[in-house]
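Take a look at these structures.
The following pair of complexes shares a single chain, chain A, combined with chain B in the former and chain C in the latter.
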Partner chain A sequence: MTARSVSWTDAASVAQLLARASAPRAAVQTFKIANASSAARPIPPPARAPAAAPVAEASPRAISVPPPTRLKSQFPAPKLVLTSDNPSDCVDALLAWTLDHQRCTGAFIADDNGLTLAAHGISEAHVSLVGPLLSALVSVRMIPGIDATAGALWLGNNMMSWVESRNERGGFCLGTVGSEPLSSRAFEQLKEALEITVRKL
Partner chain B sequence: MIDTKILDTAVQDLRNVLRDGLVATDIWERSAGLSLAGFNQQPVAVALFTRITTELESSLTDSNFPPLARYYLLDMEGNHTVAVVNHGALLQGILVDNKRANLGILISVAIPRMLETIARAQSR
Partner chain C sequence: MTLSIAFTSLKGGVGKTTTALNCAFAFARRGTRTLLVDTDPQGAIGLSLDGVSDRAGLAASLAQGRDLPEVVKTRLPELQILPMGFVDTLAIDDLSKCARDNDILRRIVDRSQAEYDAVLFDTPAGLGGMTRLALESVDSVIAVAQCEPLALRSLPRLLDLLAQLRDAGDSCSLLGVVCNMSSFKDPVILASLEELWSLYRDSVFDTAIPRDSTFLQASRAGVPLGLLSRRAPAVAAVFDSLAAEIEQRLGVQEGGEDDGPIRLVD
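Up next is the complex of A and B:
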């Protein structure tokens, strides 16, 4: 009894107990909360947590939640700016912009026959499926009110997302491959970027 | 009348688009076999492809096949691809290194641009 009462009054033991009981638990819960909102997504290195508050001010049950980590597709992508009139440069710039600002592991630009103009992270054989895909959608567009110039297709291992734009010489397709389909906002960004590029082809 | 300045511009544009993938190109009059513009011009190729195109067109006609439209392609040894473009009275041969030039750019961008520009040159 005596030894027990002595330990509870020992300042060093109390500080040690507090440190064990409060700080690590808060850290674990923060990690779980951060992961719950972004499960199964590629996560960039987490932002450094704000400096810990002094132990005396923090309640043992307080959970510090850092601002949610934003994925690159959640940032508004800057508008594509083409500095060259050369079609090859324009296509390369569009591909680089897509890879930089959209959540994808690969991207491509193809014509409406499925012939690759530029690609990264996807084989030309896979890109060629754009030909029959876009042909099939011609009849879908006959239905009033159906645009069908963007979509996503499950390839078996990856999801291909694509948008289509046309100029007087024909149709062109910008696509990405990744684990998930792109958001509707990302589709709008891709379509705008493709339209800017197609005007220069 | 054919505006040869526009033909030269078209050849320069083709060089810009295909860059070091373009090995040679000629634009020539089909009837005379006379080259009007080009880059790294190949007189033997002009004669050869005039003959091949004439034979091809007559063979298609004799077989009741649809006539030649915009172009035909030959895949050759040594990573070489030839596109022969039908501009009507003019023909154009484009020899590319298919490891350096993207065939998608050639077919979907370069050839349509050439067709438009050379049609403009012939309408002058």
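Up next is the complex of A and C:
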């Protein structure tokens, strides 16, 4: 006998229904966790909602789950364009781009200490996994010839995928959570988008 | 603008009335002028509150062709109740038709703009009749989900109705899903909770209403939890928390976003 979910419902159809049945929230849906080492980095503390975002598409408050008929993979993801030099805006824009153009239900951006800089649609449990996963990858990279800067982990109902990029300040991680694995092309796109963002952090 | 919120579920017995009633009480305690409207032909609010079941309400008003029924005042000046009143069992089907013909729920919302900050609708189980009318009349819908398999399986049906109503031009939208009768002791309840969080993610309110015998005591006494005794039971606090979350999601919470610790001494 195969184990069946309690709800007999699949995540994709629920996500579609939620998108159709819900209005955009008045409150900010993304959350940011203050980085313990933020004093050493040009990442401002959690910001309040800006009075007017310069580019609506780049704001996480403009995120809307795409209509159910649209399959993200059918559209080539446009290259991430950052219109602001503000690190917080860049992180938000990367998060919005990821949610809009990758097959995922949630996304997060964390540093190599596992501290989350921005996240949307993922649980605290997923966030707490980031630190140990990135630490594990450091050990994997010690093996000569292995460039472990991306990975995926099957978490029962969800697939968590992530890519890493570094600058002189340290490592950063962009991750997604979805019901299916990301394609190789999606990994490349995520890596490229993260590298663009990390240059501004 | 007055908030209009319907507490809804396809499945019966999930705690809609208890949640609506105690939320209304919590809202009023927070100073929000609140009208609690019973749209359940069974008069669930009347059955839950001592002193309300024998009052005339929505049903009598519709039957007699009167305009809008008088509200029942409560001990809290900020909380008033519009009960359903007695509905003849054979007339239940006609009630929703009559209510629709008179556009009664939307008129209640419209008339409430001056007097109330929030109008909360308790709805009957199911998605037709008075429930649908309530959904068509409000801006926000809270899905009440008991932490058990059947309630979880029926939840997409409510979302589907909401989606269809929105497609048809109605303004109602899902404000969130509140877990009711939660417990970490029972493995099935725990599995249901985990799946609810996994599937509905940030649509689920952080505040979960626990399975607690105090609810039975309040039900027996016919009072909201907060009035079960002079010293309110601890579990009553979950509704303060839920009311705060609802306000936050609607963007009406004073003080705006949480901006961290507040100094005690300036």
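The rule is simple: the second predicted complex is superposed on the first by the 128 of 201 C-alpha atoms of A that agree within 3 Å, B and C clash if a C-alpha of one lies under 4 Å from a C-alpha of the other, contacts with A are read in each partner's own complex, and residues count from 1 in each chain.
Convention: contacts are C-beta pairs under 8 Å (C-beta built on N, C-alpha and C of every residue); 3 or more make two chains touch, one makes a residue touch a chain.
Values in this document were obtained by computation on a predicted structure and should not be read as measured data.
Within the superposed three-chain model, A:R169 lies in touch with chain B and out of touch with chain C [touch as defined at top]. Residue contacts after overlaying the shared chain place A:N157 against chain C, while chain B stays out of touching range.
After overlaying the two complexes on the shared chain, residue contacts for A:L201 are found with chain B alone; chain C is out of touch.
Judged by the number of chain A residues each one touches, C leads among chain B and chain C. Contacts of A:G121 after superposition on the shared chain: chain C is touched, whereas chain B is not.
Residue contacts after overlaying the shared chain place A:A110 against chain B, while chain C stays out of touching range. In the overlay built on the shared chain, the residue A:N86 is in contact with chain B alone; chain C does not reach it. Shared interface residues of chain A (contacting chain B in one complex, chain C in the other): none. Note for the complex: chain A touches chain B at residues 86-88, 91, 110-111, 113, 115-118, 169-170, 172, 201. Put simply, chain C touches chain A in their complex at residues 149, 152-153, 155-156, 159-160, 162-163, 166-167, 173-174, 188, 191-192, 195-203, 248-252, 256-257, 259. Touching chain C in their complex are the following residues of chain A: 5-9, 11, 13-14, 17-18, 20-23, 25-29, 48-49, 105-106, 121-123, 157-158.
Remark: chain B residues 16-19, 102-105, 107-110, 112-113 touch chain A in the complex.
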